[in-house]
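The same chain A turns up in both complexes below, where it pairs with chain B and then with chain C.
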Partner chain A sequence: MEIVAFSIDGRLYGLDAQHVNRVIENVKIFSAPFMPKCHIGLLFYRGELYDVIDAGILFNQKISLVNSHSRIILMKWNRNKLAIIPDVVVGLVRIDDQAIHQGASTAHGQKIDLITPDSLWTRLLKLSYGPGKIS
Partner chain B sequence: MGRTSLKNKLLLAFLGLLLTVMTVVGIVNYLTHNFFLAQALSTVFALGFGLLFGIIFSSSLVQRLNMLINSAREISSGDLSSEIARISNDEVRDLEDIFSQMVQELRRMILDMKNLFDQIQLTKIQLNDFMRRIVQNNCEIDQSALTIAKGSGRQSALAKKTAEQIAEGLLVMEEMAGQSARTVTRIADAKVKSETGEASARETLIQFKVSLQQMTEYAKPIHRLAVEVDKIRMVVRIIEEIAQKTDLLSLNASIEATRAGEMGKGFALVAEEIRTMAENSKISSKEIGKIVQGILQDNAEVIISLRKNQEGLSSGEQIIHSTITAFGDTLANVNHIYLEVKDIQDVTGKQVKEMRKFMSQFQDLSRLAFENLQAAQKTIQATRNQNADMKGIVATMKALNELSEKMMQTQQRFKLTAG
Partner chain C sequence: MDLEKYRKIFTQESGKYLDQIDQVLIQIDNHPSDIGLWSDLHGKMHSIKGMASAMSKTNIAQLSHAMESWCLAFQNNAATAGPSAIQMMFDGAGMLKSLVDQIDNMDSRELQERYRRIMERLSQDPSTNAASVLQKTTTVEPDTVRMDPIDQVRIPYAQIEELLGYSREILMLETTLPPIPKEYASVKGWIDHYMSMIKGLYFRLAQLRLMSIEDFVAIYSSTIHQQARSLGKRVSLEVTGGNIRADIALLERLREPLIHIIRNSIAHGIEMPEERLRLGKPEKGRIVIEAESDKESLIIRVHDDGSGIDRDAIIQHLQIKCRMSPEEIVDMTEKIFYDTILSNEYSSSKTVNEMSGRGIGMNVVAQAVEYLSGKLSIASVPQKGATVTIQLPVSLSVIYAVVFKVGPFLLAVPTSALESVAHQTEKTCALPESCLNLRELFCVNQSLDEPKHILNLRSESHKIKTQPIPSVLPEVISLSLAVDSIIGNRPIMILHVSELIARTRIYSGIGIMENGDISPLLDIPALFETLLKQ
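Moving on to the complex of A and B:
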């Protein structure tokens, strides 16, 4: 299994590479009104619209490290699309499928917390902007 | 009345007598025609007339001589009042005149003596008064001379002391004159050195300007280097961007390859190689960036140093300008001081000359004071001698007084007027 590893507030997280569409940078993000603080805006990439989330703010990081050079991970799963901006995109990490239950780690032995797009979505829905439902 | 001398009288008498005799001889001879008788008669007549004439003549002469004798006797007794009668006009008259004149002269002389005595008495009184005043004045002169002598002594001592002080002052002034001359020489040296310093400062300024120009020239390649290095940095940035893009591309390629499954494994290897290459490029470009940054930093430091050097040179130029101005001011002041000290030297020289003249005059004054002292001492001695002489004069006056009294007594013996 291969995951796209990224770091937030010094911790490593991993997403299944199957759910990652692209990693991009230097794109225009359009802010949207009445959105949570972690919702930076919307971006349009190759005919598709993505909600852009500041992963640091989402993961309770106090200070946003997002800038114009930050890399954006575009995720597509099922029929959902979401873009997150971590502090740093580490890269593609290969892990054994059998060792997943023991927890993923980098070649240097650094622990990686595996997250799924749904868990991100759920975390978004838990925000104080009312219950939502993924249709 | 014409003057007739005794000789003429006698001759006339003789001629008259002879005429009478001849007349008598003639008449007798005529009447008697007797020559001898005539001769005898004439002789008798002649003898008679001669005797008569002789008696008359001699008695007249003796009478007049007696009158003169009486007058002389009266005069000898001091009576000068008698007058001598003048009868004839012969030699006796001359004698009478001379006698009368003598008497008159004697009277005048006696009168003169009297007047002289009176004058002597008056003069004696005046002389006594003079003597008294002279003695008084002599005492005063003596006192004044004593005072003058004391004053002259003090004056002489003071003059001597003052002359010594003036001599010391003269020495000091000569020393001042020498000091002024030395100061003038030193100021002249300072003037020459200031001029040399100003010239050196001007040369230094020219060298500074040349150095500044050379530094500006030297700075140009460094500025060009900075521009070139900046270009390199831009290229490195582009390389970094390319590396990042490549890295992103390789990441996306790997993700695509992963999604492709077994079919994408080969592509994944290529993507991995590209990612590794991009990573190496990134590292290399980072290294180059660091090197370029170091070069730029060094270059910036060099430029800053050059600017500082230029600023320092500019400041130095300003300082040298100020130094030249200061040298100019100093030179002007030194010139001013030189002229003033030169004036002081001239004035001091004149003062020394004047002091020497003053010293000479003061020595004359000191000598005069000493001479005054000597003169005052001589005056004291002279007044004392004069006092002694005055005593002699008083004694002489007393003797003269006695003589005048005797003369008065003698004069009183004479009777000048009748009655």
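Moving on to the complex of A and C:
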């Protein structure tokens, strides 16, 4: 299988490439009030609206490294759409399906944590929305 | 009376029936003795005849009546339809198409002659002559094959999305336009004109995403009839306000809830034919889907003339599960009483499983509607029927909204919700008590200047919808919003909110402005209710 690898705080993560629609940059993002800190806004790309998530904050609660030149991974799966911004988008990595149970890694042997869009979604749904305490 | 409007509806409706007639005739061609197909054809002819009579289109009415008689003969097995008879029906349908195109006018001699020949052939008794006479009449010079112009094509919805995406990207190019020196003013003028044309194109493309409620219902009307038949019931499905159009993405998500509601009407609301006759009702149950729209919402009501919702079961549930006294139940408004069946507890309770009325799965329907940022309500009158109302924010249509800024946020409220706009001056620096300071609410840096503008909202735009209304508040209070700056009254295309955004419960949609900027649309009553709960 092919995965889109990206890094957050020096750690590598991978998403199944079939859920990744495109990687874009230089797109205007519009923030909305009452959303969790990791939700940095909305973007409209080719007629579709994406929630934009700062992956760094979502994963590690660290200070955001997002800037206007950050690369954005657009994901589409089932009926959901999400745009995530990691620290660095590493690129496509091919993994042997047979060896996947041993864990994914780069050609240099660096370990990649595979994540699913659903796990990201579940994580997002657990956050607080609306007025009051925003996580 | 707006005759032009009715003429348009007549043309559209007849065209739709004629397309269906073509399809049925193709099936009849393969199965000429299938009574069901002839019955189907008969029904469609009858519909055209009815519409034509109502519009005083006598030529169409007479021709469809003659064709109807033939259908009846084949439907009753009084005659067997041979190839010539079927060809006769094809010719008749072709003639009907020509007449509908010409709005019943037969100005040309060719058309008059063609009509005369067809009527002459149809005037013969199909029960005795269907096969033989028609064989003979085929010696008459065949009608000139009239090729209808191709004026419609089907394209996949995804293709519209793609076109929208491309035009969006062209619009985005405007933001990368380098500064143009003054001496090239004419070039700048040309570019401005070009961009305004692209914006117009984009908005028109967005309109392609709209589908009429009638077409939407037509998609599953046969499923509904089949279900009624399988339960031994007879049901007519009617649509009013069917020409109202809504975003296809919204309708797609509405499909399941709506089918569920109609299914409930058939299964639990509409009585068996013999029972209906005993009650003095028409044998055939009636389900009406009524669509209505205003600037901000699409309202769909599903009404049936069945037995209504079982009140005793709800009372039983309220007493046992909610531990309410009979007095408390009596004091409930009808709306709150019937909304009981939308709760999770109700649908999963034993009471519901044993009841004969509605309730099963209605909580799922309510959740689906809520997901679309909509509202669902129920009304019922014993033995008269039930009405389920779905109110949805208009999605993907263009509305006018006042767009404003609060700190880093670009937001909007529908223009129709606005009473007036006031500008804060130094003399009136303190905000009125009824004014909601959005900067404070959204925790925007308070060290900046005070908000400069106040949006005074219409009182009906923030009527509290929660029942009962908290006693500390009147039903309607004066409300205004303090904002930093007003961008202006702009047309915005409304998309429905994502699941994450919907969790805030304060937005009714996401607005896309002509320049591509995104401005979430505040749902004023929802915002107010959310704040009340804090």
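Just so we're on the same page, the second predicted complex is superposed on the first by the 126 of 135 C-alpha atoms of A that agree within 3 Å, B and C clash if a C-alpha of one lies under 4 Å from a C-alpha of the other, contacts with A are read in each partner's own complex, and residues count from 1 in each chain.
Definition applied: a residue touches a chain if its C-beta (ideal position, glycine included) is under 8 Å from a C-beta of that chain, and two chains touch if they have at least 3 such contacts.
Remember, predicted model here, so these are calculated numbers, not experimental data.
Because the two structures share chain A, they can be overlaid on it, and in that overlay chain B and chain C fit beside each other without clashing. Using the contact criterion defined above for the overlaid structures, shared-chain residue A:2 touches chain B, although it does not reach chain C. In the superposed pair of complexes, A:76 makes contact with neither chain B nor chain C. By the touch criterion stated above, A:11 is placed in contact with neither chain B nor chain C. By the touch criterion defined above, A:32 lies against chain C but remains apart from chain B after alignment on the C-alpha atoms of chain A.
Of the two partner chains placed around the shared chain by superposition, chain C is the only one that A:51 touches, whereas chain B remains out of contact. With both structures placed on the common chain, the touch criterion links A:91 to chain B but leaves chain C unconnected. Contacts of A:43 after superposition: chain C is touched, whereas chain B is not reached. The superposition of the two structures on chain A yields an angle of 120 degrees at the Cα centre of chain A, opening toward chain B and chain C, reported in steps of 10. In the superposed model, A:124 lies in contact with chain C only, and not with chain B. Think of it this way: put the two complexes on top of each other by chain A, and the tightest Cα contact between chain B and chain C is 14 Å.
Overlap of the chain B and chain C interfaces on chain A comprises no residues. Residues of chain C that touch chain A in their complex: 161-162, 164-166, 168-169, 175, 406, 408-411, 438, 441-442, 495, 498-501, 503-507, 510, 512, 516-520, 530-531, 534. Residues of chain A that touch chain B in their complex: 2, 4, 17-18, 20-25, 71, 89, 91-92.
Taken together, the chain B residues at the contact with chain A in this complex read 244, 248, 251-252, 254-255, 258-259, 275.
For chain A in complex with chain C, the residues that touch the partner chain are 28, 30-35, 39, 41-49, 51, 80-81, 124-125, 129-132.
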